[in-house]
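Accompanying notes for the structure given below.
Each chain carries a letter (A, B, C and D) given by its place in the written order, and its residues are counted from 1.
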Amino acid sequence: MREISFQKALDEAVAEEMRRDPRIIVMATDFTGDPVKEFGPARVRFTPISEAVLTGMGLGAAGCGFRPIVNWRMVTFSFVAMDQIVNQASKIRYMFGGQADFPVTYRCTTGGGIGLAAQHSQSPYSMWMHLAGLKIILPSTPADAKGLLKSAIRDNNPVVSFECSRLATVTGPVPDGDHLVPIGVAEVKRAGTDVTIVGLAYYVQEALAVAEELVREGISIEVVDPRTLVPMDADTVRASVRKTGRVVIVDEAPATCSAASEISALLVEDPDTFRVLKAPVRRVCAVPVPVPYSPPLERAALPNRDDIKTAVYAVLKDSLRPV
Amino acid sequence: MREISFQKALDEAVAEEMRRDPRIIVMATDFTGDPVKEFGPARVRFTPISEAVLTGMGLGAAGCGFRPIVNWRMVTFSFVAMDQIVNQASKIRYMFGGQADFPVTYRCTTGGGIGLAAQHSQSPYSMWMHLAGLKIILPSTPADAKGLLKSAIRDNNPVVSFECSRLATVTGPVPDGDHLVPIGVAEVKRAGTDVTIVGLAYYVQEALAVAEELVREGISIEVVDPRTLVPMDADTVRASVRKTGRVVIVDEAPATCSAASEISALLVEDPDTFRVLKAPVRRVCAVPVPVPYSPPLERAALPNRDDIKTAVYAVLKDSLRPV
Amino acid sequence: MALDKAQLAQMLRTMILIREFDELAIQLRVAGKIYGAVHPYVGQEAVAVGVCSNFKVSDRVTSTHRGHGHCIAKGADIRRMMAELFGRVDGYCKGKGGSMHIADFAVGMLGANGIVGGGLPIACGAALAAQLEGKGDVTVCFFGDGAAAEGEFHEALNIASVWKLPIVFVCENNQYAANNAVAVQHPRVDIAAHAGAYQIPGVVADGNDVLEVYAAAGDAVARARRGEGPSLLEGKTYRWHFHAMRATPPPETRPSDEIASWKARDPIARLEQHALGAGALSAAEMSAIRERVKADLDDAVAFAEASPFPDPKDLLVDMFAE
Amino acid sequence: MALDKAQLAQMLRTMILIREFDELAIQLRVAGKIYGAVHPYVGQEAVAVGVCSNFKVSDRVTSTHRGHGHCIAKGADIRRMMAELFGRVDGYCKGKGGSMHIADFAVGMLGANGIVGGGLPIACGAALAAQLEGKGDVTVCFFGDGAAAEGEFHEALNIASVWKLPIVFVCENNQYAANNAVAVQHPRVDIAAHAGAYQIPGVVADGNDVLEVYAAAGDAVARARRGEGPSLLEGKTYRWHFHAMRATPPPETRPSDEIASWKARDPIARLEQHALGAGALSAAEMSAIRERVKADLDDAVAFAEASPFPDPKDLLVDMFAE
């Protein structure tokens, strides 16, 4: 299978969908490549720096039969548009009794790790997850990126695509042709028996690396990637934890009210999972600070492989029943 | 002790602090009572409907030695100001290496239950909790409202005060004099032995009512009110659950990535609490929809006493060890 | 651009219907038949009707928290509106939205909006859709003087101008945002003065004169249809009642002579005088209109009363499209 | 308002220092000595220096992502700036902020800002503080042409005018927002044209002529000190380099003749010619200034290099005030 980068996979997703459906238009202050050349300036719109109006325009045009893709670029820039996301996009269809559909896709990059400091390094997906009415994707591989973004663009609801910056240049195999990954389906990226690691975005790769290392110590890790944050495929995550009895959840957002908190809560409120859980549910998340600039501080703020390993050892040690 | 309403308690808190400290100024599109009369138009500012600039102004004036109180009124209106909250208020002190303090208080009302529909009925505190850098209070009684808001105004950091709409007219005893409640200290509102109910805001009252009803069935409920959401007094909540072994968390936000999720995660990641937990951790939250207008739908969307009772029965039934 | 008898009758009828609908809504709210908040449009009827009389069904509008007038003027069915206020399944939103969220996409009414300024970006999106469709349809975005202090006002005007969107921004300057007079909100009285910096026409009209609004909006709509871009139209008007009520109407805080002076410029009475003077409508015809409005409102209430409340089991219906 | 020799020398020195600081920052970024993103201010020096030369220490400024020039012009210490870029403990933010978040509250520099438009509300708050203090202090808010498309621009101008805040809004129109020319962003070329609707003065100045900027800003600052409220000042200028770089400078996308025409109007060369022509500064004095700047920058780099990296154990320090 051909190997392409995460970024290229995303670009292919948009271009293929634009070829399929002339109602798709894209709006952003900048684009990778030169989409105007193929699709023309009516469909590819360079915009002023006005995220609030763009976000609402995506919704309005969607309600009138188009399928806009609005790219906020960095997630932190989208906060100037938060009213249009919270009060409009997430509520509009339900509030109006379902009389219209709003097939709009919002895209942005997330995450730290590249020295850009607090206002350009954040992973606040859980703030969107809390809103009823948005679907949310968070891919970890080029193939998932392409397949999920294509599904998002075809979805008839507002979908937010969070695209981890540190993954942009990561390459991986992507099937040829019309590769789709369904929204709402998690994937077990590696099978194992002792501990489940639920990783998000960049930390799926890190979890896989840790799993590989721990084989040498005789510890068998299962890595689960939710891929979609809303709707969350709780069944797959729970099934894994029911098998291993132990779980570590890894993400680069701070722990408080995070996706990791939610996954923890989903696990322990399910009686069948709760009953077989052998150890405390560990979250490996960012230290609760705005992401600092200086490399040693930034490294200390974000989770790393050692943190993941430490958590794995802890859940093994704290187990009610030994491994 | 004199009994006053929750709203009056909040108003007293502001007026008393303004008398104490001339650097306190207030900004809002409207005020209860006539504070201009006592404090003059320089300190009491009627504003245009421009929440974003007001939020940033509070921060800027705080960084220059004043102690502003910005009242967004309904929390849903604050989303137009979200950049100033997320990218500025929650990050500014840390990002600048602690060289200045930003003693600003942001206030707003939260919650549904009064027929105002989705854009005027929301309890999205968890979106703020996720941000490292803000303190957050959420009182449930007039006394706590007064004491916590006074502490918030005196705090040298940005503090967000969430004030539940359905509590506004609720009355209760409030001590005379300079009544302060420290930020970050939960309160056990009722002692019990079988099940802990962690309630937030309006649902503290509802939990107490349910506790009263369940006495007749021989079930002893402990009710814990975190009162402050950041910093969360996990010790007090955990201590209660270690005592009872069972917990139900009640709030009117939808469950996903909510304060309830966070409390659940804090409980089950603590080995000592995990070890003695007898039953799945139950969240009693809103159905994940934008709050609907029609009374039967709104009632169905928000938690009620029956939902709380059902959850209590469930944790008793699902217990690994019987009560 | 003299209007014929049928057009005048239609305008008058719509204005009276808007007024009586909201007078009735106040009573129904006091009676506990409807819930939440009511923001009456009474006194401002000439703006909605003057603007929307330039419209085809395929044109679109976005509205505000004070949206009943815009809905009716754009052709929404008062029976389904009333059912929505009653919180019933036959309401436009099946009871999920209520007064502040009535929409009828079938007639191009893209929704009231409970967030001040929230509709402006959505309207720009509708105008973008119309531009891409290329059929000459126009979007009108209604908003208040208060909304003109929100950043979205500026962003919307700016992008609409850069992209030459077929949109008319209609500021209903009713002199107050809740309890704050315009002077608390803005440095100058004319919101339309912003137009110049966006290189678009900015026009102030007497918002209590439906014919003047009709003409001014007509120019702006025609310009938009020709592909020449947006306009900003400000209608100076006044609300006769309180900003909003829940269980009971709040006390009046505005000067009584100010209220009286605006009531003396009642937009409905002025249209009636015009129609009478021009010999277009007789007194009898006008009272027939009022009778008809009354009957239609009775019918709407009956329709609403007959409609069932939504079943709580349907709570999750309408969340996501297939 | 002729400037004396010392003033001219000071202006020239500051402009050269700003330029050389950022030329050096580019090299240091390429060398991997500093991290993240660098947004050079080279070419725009006349704006920061012309404006800030009107200032006392107690006046305040807010800045942008392209903030080094504003920091230096407002009197920040380049050693601590450099240490911040190096991510060291002696940096202004102890390494926590980096290039886009340098602040020095002690000299009234309230912070660079990584969010386009994000500084405008904060500046209004500083101006409100100054108004309440009543000592005649002024706040200046720097922002780009791109930021003028954000809603906060409008909200800030509006409230500043209504409240007569002592603030000067300085739009540095460098013709581009990242890769987008002004025409992609705005319907007309002059951002200052917005002033009229806010009833405040709006002035366009040659942003490559430090004396013109100094005079225009002087008028606006004086007006603010007198309590007469805000002004909007637009400086037309140009950045000589790319918008931003990370590991390597990105390729140039702007027309080369456009770049050449702006370089021919180099603000530093123009001030040098003026000073020479007026007999205020000799060539020798000017080269002494350049030598001095070079030495100061060497010193700043040495200071930064000598400063330790922060200890990860201090990660949580500075989160909350007592």
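Following the convention adopted for this analysis, a residue touches a chain if its C-beta (ideal position, glycine included) is under 8 Å from a C-beta of that chain, and two chains touch if they have at least 3 such contacts.
What you see is a predicted model; the values in this text were computed from it and never measured.
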Looking at C-alpha means, what's the farthest chain from subunit B? D
Just curious, how far off is subunit B from subunit A if you go by their C-alpha centres, in Å? 29
Taking the mean of the C-alpha atoms as each chain's centre, how many Å separate subunit B from subunit C? 37
Which integer distance in Å separates the CA centroid of subunit C from that of subunit D? 45
Per-residue overlap in subunit C, given as positions that touch at least 2 other chains: 93, 95-97, 101, 113-115, 118, 149-152, 155, 158-159, 162, 184-186, 319
Per-residue overlap in subunit B, given as positions that touch at least 2 other chains: 47-48, 50, 52-53, 76, 80, 83, 87, 94-95, 117-119, 132-133, 288-290, 292
Just say which it is for the chain contacts: an open line, a closed ring, a star, complete, or other. complete
Going by the contact rule set out above, which residues of subunit A touch subunit D in the complex? 29-30, 46-53, 76-77, 80, 114-120, 287-290, 292-297, 299-301
Within the complex, which stretch of subunit B touches subunit A? 52, 76, 79-80, 82-83, 85-87, 90-91, 94-95, 117-119, 122, 124, 126-127, 129-133, 230, 232, 253-262, 264-265, 268-271, 274-275, 279-283, 288-290, 292, 318, 320
In the complex with subunit B, residue positions of subunit D that touch it: 60, 62, 91-97, 101, 103-106, 110-111, 113-115, 118, 120-130, 132-133, 151-152, 155-156, 158-159, 162-163, 317-322
For a test of understanding, state which residues of subunit D touch subunit C in their complex under the given definition. 149-155, 158-159, 161-162, 183-188, 193-194, 196-200
Which of the residues in subunit B come into contact with subunit D in the complex? 25, 42, 45, 47-48, 50, 52-66, 68, 83-84, 87-88, 92-103, 132-133, 135, 156-157
